[in-house]
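Heads up, the next two complexes both have subunit A, just with different partners, subunit B and then subunit C.
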Partner chain A sequence: MVSEQLVDLSRLQFAATAMYHFLFVPLTIGMVWMLVIMESVYVMTGKQVYKDMTRFWGKLFGINFALGVTTGITLEFQFGTNWAYYSHYVGDIFGAPLAIEGLMAFFLESTFIGLFFFGWDRLSRKQHLLVTILMAVGTNLSALWILIANGWMQSPVGAEFSYQTMRMEMTDFWAIVFNPDAQAKFVHTVSAGYVTGAMFVLSISAFYLLRGRDIEFAKRSFRIAAAFGLASALSVIVLGDESGYTVGEAQQTKIAAMEAMWETEPAPAGLKLIAGINESEMKNDWEIEIPWVLGLIGTRSIDKQLPGIKDILVENRARIVSGIAAVKALEAVRADAGDEEAKATLERHMSDLGFGLLLRKYVADMDQVTPEIIDRAARDTIPRVTPMFWAFRVMVALGFWFLALFGSALWFSVKGDFADRRWLQRAALWSLPLPWIACEVGWFVAEYGRQPWTIYGVLPTHLSVSTLSVSSLYGSLAGFVGFYTLLLIVEMFLMIKFARLGPGSLGTGRYTNEPAHA
Partner chain B sequence: MPIDYETLKVIWWLLVGVLLVGFAIMDGHDMGVGTLLPFVGRDDVERRVVINTVGPHWDGNQVWFITGGGAIFAAWPLVYATAFSGFYWAMLAVLWALFFRPVGFDYRSKLASPRWRSAWDWGLFVGGAVPPLIFGVAFGNLLQGVPFYFDNQLVSYYEGSFWALLNPFALLCGVVSTAMITFHGAIYLMHRTDASVHARSRTAMLAFGFLLLAGFSAAGIWLQFIPGYVISSPVVPGALPDPLAKTVVREAGAWMGNYRRVPVTVALPVLAYLATLSAMWLATRGRTLLAFVGSSLAIVGVIGTAGASMFPFVMPSSSDPRSSLTVWDSVSSHLTLTIMFFATLIFMPLIVAYTSWAYRVMSGKVTAAYIRENSHSAY
Partner chain C sequence: MNDQKLIRKLALVIVVKLALLTALWWHFVRDHDRVLEADSVAVHIGARPQPTTEGTSHGQ
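On to the complex of A and B.
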């Protein structure tokens, strides 16, 4: 059996490398559209300042993009290096969107980013704008296919298990592409990226305004960021609500944990603002609740119930018991392909096969399963409530803060006197790190909330790992964290340096901080 | 489904080959440029010339690697799982070497400090030289078979160590691979530069061209004595993939069997020789663009030779031969192979088209004058 230490280290390494990667991705996804907007204005009006804006913000975009690519390389290969059984078991489905992402999106994005930076003097204005747009389309298509893959992990549609090949196989490609979970995740995630991009430009522009330098450049950038940011903050909240709805259908466990909902409550359930969670006794010591709201978000109705954790536990326990029959039948069929009775049993219990596999964490032989082990496995199906509950609330609170900030930024932009409101500029400046926090906790809720599964209800995490030695994992984890941290420091150093230099770093002679040499 | 399973399995063997060759030609030439960077560029301006020959393109080229990984995941999930977890530290060495490239290209010239720039130059060298070396070593090990087996649930267990990968034959294959990629990069540099960088690239081109010819010949001779693998049970190419359903034996000289059975495949090693020699001849005569076509064809010949020798094996197992992975039993389902085939058919021509356009936009020599005029925007 696979050691728990190996599983934990593999998870930690994936979490660390994915979360590092996602420090850079949202800014790329959002800023690329800001570049499209700025350059479009340049092409339409012919005003030089908009070209300078595209080039300067593009420079910062490039510094960020380099680390996005660096940390992204790892993720394409880590399924194979560290999650070999996962790769075998679901590669037939999961590999396809990753490969299509490369073919359809990443090639597009990466080819045109070269022309974006180097093509200014070799392309006409319209050609260059087209290049920027294609780069943006590629970036966002890339997110689409990755989230189709991720959405399938959360809600595995369009596939079935084959005992002959001992893996999940694709049955309906379009069901996987148009998986509601994946689509909701895509729009929510790219909107979060747009908020991040807008905040980045808003904050740094506010910095120039506070310093009283490069005013015209900063004012124009601030306005575009405020408008783009408000639209994005609205959509991240509305579309987040949409993903709340799909989570409600496919993954009731996740929503119950996010909401610390121990008991099934009469419909429509209330939304808890905050609560004192008592994990060991499975109850909340106190809670402050808004009536009705969760039921409306989660079921889009006033009469459908959302199941509480205790009821889910009972249901999952029954599925584990049924899963034991499925695992035993599978073993029999693997040993003797002609065993028709076992095939029939497997067919009957197929939908609970994954639940049976949960027991493999504790016993290899299904005949040694005891009621206590079943209880432990059932308890495993509920992620820890406290981190889910609070992480989710941090994300939502930040979402509403973004709405308020971009709302006032746009309001005073339209009124025309935002340049005098230093409180607004300070608020914008100090909010710079917040979208990253929101993005990271958002992913934490999505992925930690999926545990103990890699593929929800199908493949448990502890079976998914490669059979590597624990010492290899310590070595690679240390290597990744060390290397990435070093690169992150270099990146932050350059980013801060060039953000401080401002548009003068372009060497055009029109701004403060122009370099001394030509 | 419009194409039967057996045909699709063969098509996907060819397509993985196309992606590998595409990777070696496209990402290969900028890796070759990275390898040569500290040697053909003697001062900062010369080094910036070298870097900017691939500056606008390295990122798009690197996607051949990413997409190759994704395609192997989608089409040969068992190979993706078994090879990358088995070659764990080799794979990490490739990834970590590649980390130097995006940051090296983008960050190097953003600060003026000579130490900063020199550090990134060596980073780009590592990012250019290490991956081809390791890929060559990996191929050398595949040709000998690697120690792994599957249990009844198809969980793979790798029994070798990283150091065992560094055996003499595999290292020779690493030399062939590095020579091939550096040769290709040197020709690209000759095409895109002038003056002293051009002259030094010419010297490198000749040196690595001869090294490639010598290494390829030595590996070819050595291969006659290395036991190959043969499927000893009846093969049903259209069957559901199950690597444990067959038996396999090791046989001296078995890797030469395909050339006897299908004599036309001898064209591949012949192509490797002829294309390398003509690329060298063309490059010395200043026909650098044609020479680049020649070194690209040489890559087709070398990689094709390795693939044709092993067919239908992809990853033979030395410790449990029946666990060996072949094109018949390591593939995805019929549906996935079909969908991925059409996806590749649609997107690959588009990729080639817009990549060619990008190279045409940026064509011409990168000169010292260009670097001086664009010192704030060039890499």
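On to the complex of A and C.
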């Protein structure tokens, strides 16, 4: 059996590299649409300041892109090295969107990013704007394919298991592409990126306003960021609600853990604002609840119930028992391909095969399974509730903070007196790191909440890892973390340097910190 | 700082990054081929290999 240390280290390595990678990604996704807006205004009005805005914010976008590009490659290394069984089991399905993403990223996104930076003097205004739009489309399409792959891990559709090849095989490509979980995840994730891009521009513009420099440039940037940010914050909340609905449909365990909902409550269930979670006794010692809200989000109805953790445990236990029959039938079919009875049994219990495989963490032989082992495996199907509950609340609270901040920024922009409201500018400046925190805890909820599965209900995490040595994993973990930390330091250094220089770094002679004024 | 200087710096960053990635790949990935076939996966998850294909597994 695979050691728990090996599984934990493999997970830690993937989580660390993915979370580092996602420090760069949301800014790229969000900033690119800010550039489209700024350049569109330039093309429509012909005002030089909008071209300067596109070039300056484009420069910061370029620094982020240059530092962030290829940081996802180490994740792909790991699919091959650390997750070999996962790659074999689901590679036929998972590989397709990843390959398309690679084509999008390298041939569409990167090409147009090159044209964006080097095409200012070679393309007409409209041609350059078209390049910027295609760069934005390419960036977002890149994200779409990654999230289709990730959505399939959360809700595996359009595929079936083959006992001959011992892998999942694609049966319906379009079901995978239009998987509701993937679509909800895509719109929610890119909206979070848009909030990040808007906050980045809003915060740095607020910094210039607080310093009393490059006022006209900062005011225009602030206004665009406020409008785009408000639309994005609304999107991220509304589409997060949609994401909650699809999670409710596909992964009731995750939503029950996010809500610390131990018992099945009468429909429509209430949403717990905060609670004192007692995991050992499987109850909340106290809680403050808003009636109805969770039921409405999770089921879009007032009479459908969302199951609580205790009922899910009972259901999962039954599925594990059914899964034992599936695993035994699979063993029989693998030993004798002509065993028709075993094939029929496997077919009957196929949907619970993954649940039977959860027992492999404890026993090699299915005949040694005891009721206690089944209970332990069933308990494994529920992720730890406390981190899920609080991480989700941090994300939601930040979402509403962004709504309030961008709403205030736009309100005072429309009134025309935001430049005098230093509290607003300070709030914008100090909110700069918050979208990244929201993005990271959002991913934590999505991925930690999927445990103990790599593919929900199909393949347990402990059967997905390669049989590497622990020392090798420590070494590569240190290497990857060192590599990403170095990139992050360089990113921070360049970003802070150019943000401080401001639009003067363009060398146009129109702004503070120009060489002539220095 | 003008754009040319920044471009040179970013180009240097990308070259260093690719070199580091290559070094990581060289050290941790290159010699760790995982050739998996149905039989080795069956053994890993506990289902026995089919007798007709026994002995063809590359394992790990």
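Methods note: the second predicted complex is superposed on the first by the 511 of 518 C-alpha atoms of A that agree within 3 Å, B and C clash if a C-alpha of one lies under 4 Å from a C-alpha of the other, contacts with A are read in each partner's own complex, and residues count from 1 in each chain.
Assume a residue touches a chain if its C-beta (ideal position, glycine included) is under 8 Å from a C-beta of that chain, and two chains touch if they have at least 3 such contacts.
Here the structure is a predicted model, which is why all the values come from computation and not from measurement.
Colleague: After the match on subunit A, would you call subunit B and subunit C a fit or a clash?
Modeller: Overlaying the two structures gives a clash between subunit B and subunit C.
Colleague: Touching A:F94 in the superposition: subunit B (first), subunit C (second), both, neither?
Modeller: First partner only, subunit B.
Colleague: Does subunit A have more residues touched by subunit B or by subunit C?
Modeller: Of the two chains, more subunit A residues are contacted by B.
Colleague: When the two structures are overlaid on chain A, which partner does A:T171 contact: first (subunit B), second (subunit C), both, or neither?
Modeller: Only subunit B is touched by A:T171; subunit C is not.
Colleague: Looking at A:V327 after the superposition, I want to know if it touches subunit B, subunit C, both of them or none. Which is it: first, second, both, neither?
Modeller: Only subunit C is touched by A:V327; subunit B is not.
Colleague: Could you say whether A:M366 touches subunit B, subunit C, both of them, or neither, answering first, second, both or neither?
Modeller: Touch status of A:M366: second partner only.
Colleague: If you stack the two complexes on chain A, which partner ends up touching A:E287: first (subunit B), second (subunit C), both, or neither?
Modeller: neither
Colleague: Touching A:G479 in the superposition: subunit B (first), subunit C (second), both, neither?
Modeller: both
Colleague: Just subunit B (first), just subunit C (second), both, or neither: which does A:D311 touch?
Modeller: After superposing on A, A:D311 lies clear of both subunit B and subunit C.
Colleague: Name the contact category of A:F112: first (subunit B only), second (subunit C only), both, or neither.
Modeller: After superposition on chain A, A:F112 lies in contact with subunit B alone.
Colleague: A:T70 in the overlay: touching subunit B, subunit C, both, or neither? Say first, second, both or neither.
Modeller: Both partners, subunit B and subunit C.
Colleague: To test your reading of the overlay: subunit B has the stretches 4-12, 58-66, 94-102 or 310-318, and exactly one clashes with subunit C. Name it.
Modeller: Stretch 94-102 of subunit B has C-alpha atoms clashing with subunit C.
Colleague: What part of subunit A is shared between its subunit B contacts and its subunit C contacts?
Modeller: 62-63, 66-67, 69-70, 73-74, 77, 80-81, 84-85, 87-88, 117, 164-167, 334-335, 466-468, 472, 476, 479, 483, 487, 490, 494, 498, 505, 507
Colleague: Considering the complex alone, what residue numbers of subunit A touch subunit C?
Modeller: By the definition above, subunit A touches subunit C via 59, 62-63, 66-67, 69-70, 73-74, 77, 80-81, 84-85, 87-89, 117, 163-167, 327, 330-331, 334-337, 357, 360, 364-366, 463, 466-468, 472, 475-476, 479-480, 483, 486-487, 490, 494, 497-498, 501, 505, 507.
Colleague: Subunit A touches which residues of subunit B in the complex?
Modeller: Going through subunit B, the ones touching subunit A are 55-60, 62-63, 65-67, 69-71, 73-75, 77-78, 80-85, 88-89, 91-92, 95-96, 98-99, 101-103, 105-107, 110-111, 152-158, 240-242, 332-333, 335-336, 339-340, 343-344, 347-348, 351, 354-355, 358, 361-362, 375-378.
Colleague: What does subunit A use to touch subunit B in their complex?
Modeller: Touching subunit B: residues 55, 62-63, 65-67, 69-70, 72-74, 76-77, 79-82, 84-88, 91-96, 98-104, 106-108, 110-115, 117-120, 122-123, 162, 164-167, 169-171, 173, 334-335, 466-468, 472, 476, 479, 483, 487, 490-491, 494, 498, 505-507, 515, 518 of subunit A.
Colleague: Could you list, by residue number, the parts of subunit C that touch subunit A in their complex?
Modeller: Subunit C residues touching subunit A: 1-3, 6-7, 9-10, 13-14, 17-18, 20-21, 24-25, 27-29, 32, 34, 36, 38-39, 41-42, 44-52, 60.
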